[in-house]
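Heads up, there are several structures right after this.
Below are two complexes that have chain A in common, paired first with chain B and then with chain C.
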Partner chain A sequence: MMSKTTTALATLAALGALTGAAQAEIRLGVSVSATGPAAFLGDPEAKTLEMLVEQLNEEGGINGEEIALTLYDDGGDPNKARTFATRLVEDDEVVAIIGGSTTGTTMSILSVAEDEGIPFISLAGAISIIDPVREFVFKTPHTDRMACEKIFTDMQAQDITRIGMISGTDGFGASMQAQCKDVAGEYGIEIVADETYGPQDADMTPQLTRIRNTDGVQAVLNPGFGQGPAIVTRNVAQLGFEVPLYQSHGVASDAFIELAGAEAAEGLRLPGTALLIADKLAEDDAQYEVVTSYTEAYKAKYDQDVSTFGGYAHDAFALIVDAISRAGDSEDPQAIRDALEETSGLVGTTGTYAFSPEDHLGLDLSAFRMLEIKDGDWLSVE
Partner chain B sequence: MAGRNKWISLGVLALLIALLPLFFPSGYYYRVGALIFVNALSVVGLVILIGYAGQISLGHAGFAGIGAYACALAPEHLGLHPALAVLLGAVVSGVMAALIGKPILRLKGYYLAVATLGFGILVSMVLTNERALTGGPDGMNVADLGLRGLLRDMGWRLSGGEFWYMICGVVLLIGAWLALNLFDSPSGRAMRALHGSEVAASTVGVDVPRQKLRAFVISAVYASVAGSLLALQNGYITPDVAGFMHSVEMVTMAVLGGVGSVLGATFGAAILTLLPQVLTVFAEYEQLVLGLVMVLVMIFLPQGLLPSIARRLKGRDE
Partner chain C sequence: MDALLQFLFSGLTVGAVYALVALGFTIIYNASDVVNFAQGEFVMLGGMITVFTYQAGLPLPLAAVIAILVTSAIGVALNKLAIEPARGAPVVSLIIITIGASIVIRGATQLIFDKQLHRFPSFSGDDPIHVLGATILPQSLWVIAGALAVFVGLWIFFTRTLTGKAVLATANNRVAAQLVGINTGWVMTLSFGLSAAIGAFAGVLVTPITLVGYDVGVALALKGFAAAMLGGMGNPKGALVGGLLLGCFEALTAGYLSSQYKEAVAFIVILGVLFVMPQGLFGSKSTERV
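Coming up: the complex of A and B.
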């Protein structure tokens, strides 16, 4: 029975390939967490991709071929993400996949992409996605480790050597906490207090009091996203705890300043992307054009501010478009993958990408800009 | 009569599992099929607990989590073969169910629901927070079962989808067969008796706490094996598998399909697994449609879809 099915499947697949070729469309698949607990990641990602595909098709597509976008919402559930990835590959027959808003969903999509040989650009942070390098898997966001390194470099410049950490127990906070602890020694930084809080907690005063009572704490670092870091920021101000406070790139958005309050957030630092200071970029900045055209188009279409996360999707799309236009054959996933790996000097909103067979992230620390909150607005301190 | 029903149910299920692939237009449908079977397996376990013995559990995803993480952890830390890890998970789940079941099954109604809910949340919290062991909310890799490679070496090439469709289908059939056997066994009769009236059942000599516990342990093992199968086929697992919503989803599937019937439970699992896939076109309204379906079924077909439909077909006097 199985062999008969396989033959039937093969025939159908062949038919699908034929009809696909006749349409001259580039089928691009997306699975992001547009709803559910990770919606703050997936929602701007989905909106960005829909907008960009529309724009590109109006401008005539890639080499005259339009992009047909298939977008699924996995709700942050890795099990669903895997099903949708299977569907994208087997049923929708896409030539490339963008998605995986969270590390969990990315890991689920990744194994399908690797098995089936479809290039996949992940939008999640963890270093384990591209280390070890997998043939078909790329990613656009910096790793948590790079955020830690950027922060520690800034601390080093200010002669800070003993810090307290307070981290969220959500995926983002927990992963960054582990990476920071791992890399701290290389920068001569000692973590003398290490506290955590649950993502739904409403008050972090006890943890912060413990950090304050630890001898010699010179700065506080808070890996986390969502409401937690805003509460930490408020609590630090309420306690009159006067040491530099560092947040992560997880809260790099204007909404964070509103949530924490400009007064409490004054002087706080975090590593962010050029997107956050789009209106303050110098016109000769390499990222000026990309960043302003994206922020303006997004604002015009959705009447919302862009976020770093939407920027990750923007860059993933730019990478795919660039690779397909160079690959020559928009029907061949292998050719697209090879072209993707040869990407160099592609300027995105997050940074300038250059992939190689050993590096499927293609960003370095220069992609991060150390930002400080001053009078309720972001200021680059580099 | 009951015996004949059993073979009809099993026959229908086996035929469906065997024949459906003939109509699959692409490999993706094997994946959906395998998911339906995995969900159906845990729901069949709930049929024993809710449908036979009349007890409720809102924490069964906890057992699925134990089964899933057994498959992820045991091969890595104990060097156990993944197939044995499934067994280990089932044993751990069974023992856990026996330990916590003894005190909490004294509770009834809402109180039992809350106690089981607490257990499920505990498991999910441990899996989320014990980062060093479980990888935390980011999850961890699950070793390959190795069976597919073995079949390939023997000259039987199967895609991942086909392979898991087959495995999950066979395990579901075995699970359904065991559950249907239990229905008419002395234990099954005792469970159904205490479902009707605990007082009456104990007067005729049914050991009520023992039978409740038995149903709880059996259903926990079902959930655990389902969790293991999910972990093995996905190759990656996160604490979501033990999440509260997963527990609710299981109970919803059981109630929708018909909580007293094994075939109905499978039907419920199929519908609730398929709906989100069918509704991707209007993803925003997915929850709305699901809710509406549930409300309508509860009002018009309180026995669940399949039993109610079967009764209508047979005529009212049966």
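Coming up: the complex of A and C.
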């Protein structure tokens, strides 16, 4: 990654020497978890950012200025993330930072960004990143609390009032479990069974049997990611437990249907983004253009399907580019931050962003679409 | 009643997975007193290589055989490249070498294959078998049968064959074993090859249930290690019983007490057993003659 940047700098320097005038460039810093346990988040994020920077520079950059990308791989380690954030600010002198694939690494980068006054867009989920609002910190993924609210809204519409929850004990599952328990009351939903499983567990039938034996359970909700939700889905089918099953946005990918098996996953619902149903969006959908161009470009370049996580990086980059082009001064982090906070109506892959001094997430529940698995494919139920 | 049966089915499924991993530890341990912490990676390799050869269009049984052979070769390479050059080093150093090897294998796997989770179809479909109101998947029966088969194979190997006895002799006293004409270098190569093959075989059987990704090995190795310690390290019977017991403890705790405490309870039971019987349930008492 570094050598690529150095080459880019060398090329620019050479160009400058030839033409006799140094070309201005915008220094953008990134620290994501491209390897390690959070690689499934960081890998598509890094690829997305590299692709978008390349695209933008080919098209002439922002107001004629090219973007110089410095990308570090923190491997999911908060200590490394802090070191890289400091290096980005002090050595690479970047004007903005994108990154923090996990809530842990985000918290490390966040303190550096706040101290140094550099705008930072996080790619992690936790609500604590933007609540309370911090001056220089923004984020693109919706919070797990919003996922709970979206699911409960859907349950409410079906007159479901008593549910069982089975959550992963990993960071994602535990956080969403807490948020769901917190907001359930507002939707008139009672959690009558609350079970957990370890992220590497191979069988969840005991927990599901307990939920089944609890009186009056009308639906099951499974916050978690990785293999857990796929195994829960298979176990529910194995037990012949016939209540609606809800999964979280953590497993919103085509790979999930494959892992859980189309038959076991039939009828399952989860909140997902427009990216997941890119090929089924109506042409007049507000997100049609941005989603289609991103999925096509990514597929062409990497021969892989896009993921929701790469979409978060896509949106963070679009927000930064939009803010810099409005800021007037691409050298001034404070001006970029101010422009970022004034963002309104920016259509991304995750939703339509509108920041304000009180809201550094800028998404509402409409960003989520309730999806159902039907015949091994996603179907929007709205 | 049907709940109890369901918990036991779950415990047997998970326990058979642990037992298969634990059985893989026994051969290398019996040949060299080394606990091979790369054993979990052998399981992972068995699953991953099968997934990718199967996706490449080969029939599943052939893909599985290829995975077992390739993993076995990797086991032999691990012995030749890392363990043999360190000959004479204390056992603790060799154990640390296996931890290093597991990190290398994990890193190489995510580069050569990918970082996603995978699975291939169950051998006999996914229709659950109903027994008295409880259900078990056909694949679970495959895993249980696989664990039993490996156990019987190892038991015959160590008690009925000359090669098996040569392996035990090598662990007991390497110099004495050489003096009676045992090629100890060959015994080490054989034990790594066999252990890796058993690990890969486990990976092939459990992948339809547990799914496989480059990083599943660590957790499997830890649980398998715990099972082997509970039953008595180096004893195939201990590995089998230890694995099944550990699985059943976890399932019963999750079913009757709380899923929050299932691992805690399992490990407290292990600690309790080791406190009373430091060699594990079936471990032989080692006597040191001066």
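In this text, the second predicted complex is superposed on the first by the 359 of 382 C-alpha atoms of A that agree within 3 Å, B and C clash if a C-alpha of one lies under 4 Å from a C-alpha of the other, contacts with A are read in each partner's own complex, and residues count from 1 in each chain.
Everything that follows uses one rule, which is that a residue touches a chain if its C-beta (ideal position, glycine included) is under 8 Å from a C-beta of that chain, and two chains touch if they have at least 3 such contacts.
Note that the structure is a prediction, hence the values are computed from the model and not measured.
With both structures placed on the common chain, the touch criterion links A:Gln334 to neither chain B nor chain C.
Judged by the touch definition given at the top, the superposed model places A:Ala174 against chain B, while chain C stays out of reach.
In the superposition on chain A, no contact is made by A:Gln218 with either chain B or chain C. Judged by the touch definition given at the top, the superposed model places A:Ala230 against chain C, while chain B stays out of reach. By the touch criterion defined above, A:Thr35 lies against chain B and chain C together after alignment on the C-alpha atoms of chain A.
With both structures placed on the common chain, the touch criterion links A:Thr209 to chain C but leaves chain B unconnected.
Within chain A, the residues touched by chain B in the first complex and by chain C in the second are 35.
Against chain B, the residues of chain A that register as touching in their complex are 1-2, 4-6, 8-9, 12-13, 16, 34-35, 72-73, 76-80, 82-83, 86-87, 89-91, 102-104, 107-108, 111, 115, 126, 128, 169-171, 174-175, 178.
Residues 3, 6-7, 9-10, 13-14, 17, 110, 115-119, 126, 128, 135, 137, 206, 209-211, 213, 215-216, 219-220, 251-252, 254-255, 259-260, 262-263 of chain C are the ones that touch chain A when the two sit in their complex. Put simply, chain A touches chain C in their complex at residues 35, 37, 39-40, 43, 195-198, 200-203, 205-207, 209-210, 213, 226-227, 230-231, 234, 237-240, 255, 258-259, 261, 263-264. Looking at the complex, you find that chain B touches chain A at residues 18, 21-22, 24-29, 31-32, 35, 128-129, 131, 136-139, 141, 156, 158, 160-162, 230, 234-238, 240-241, 276-277, 280, 283-284.
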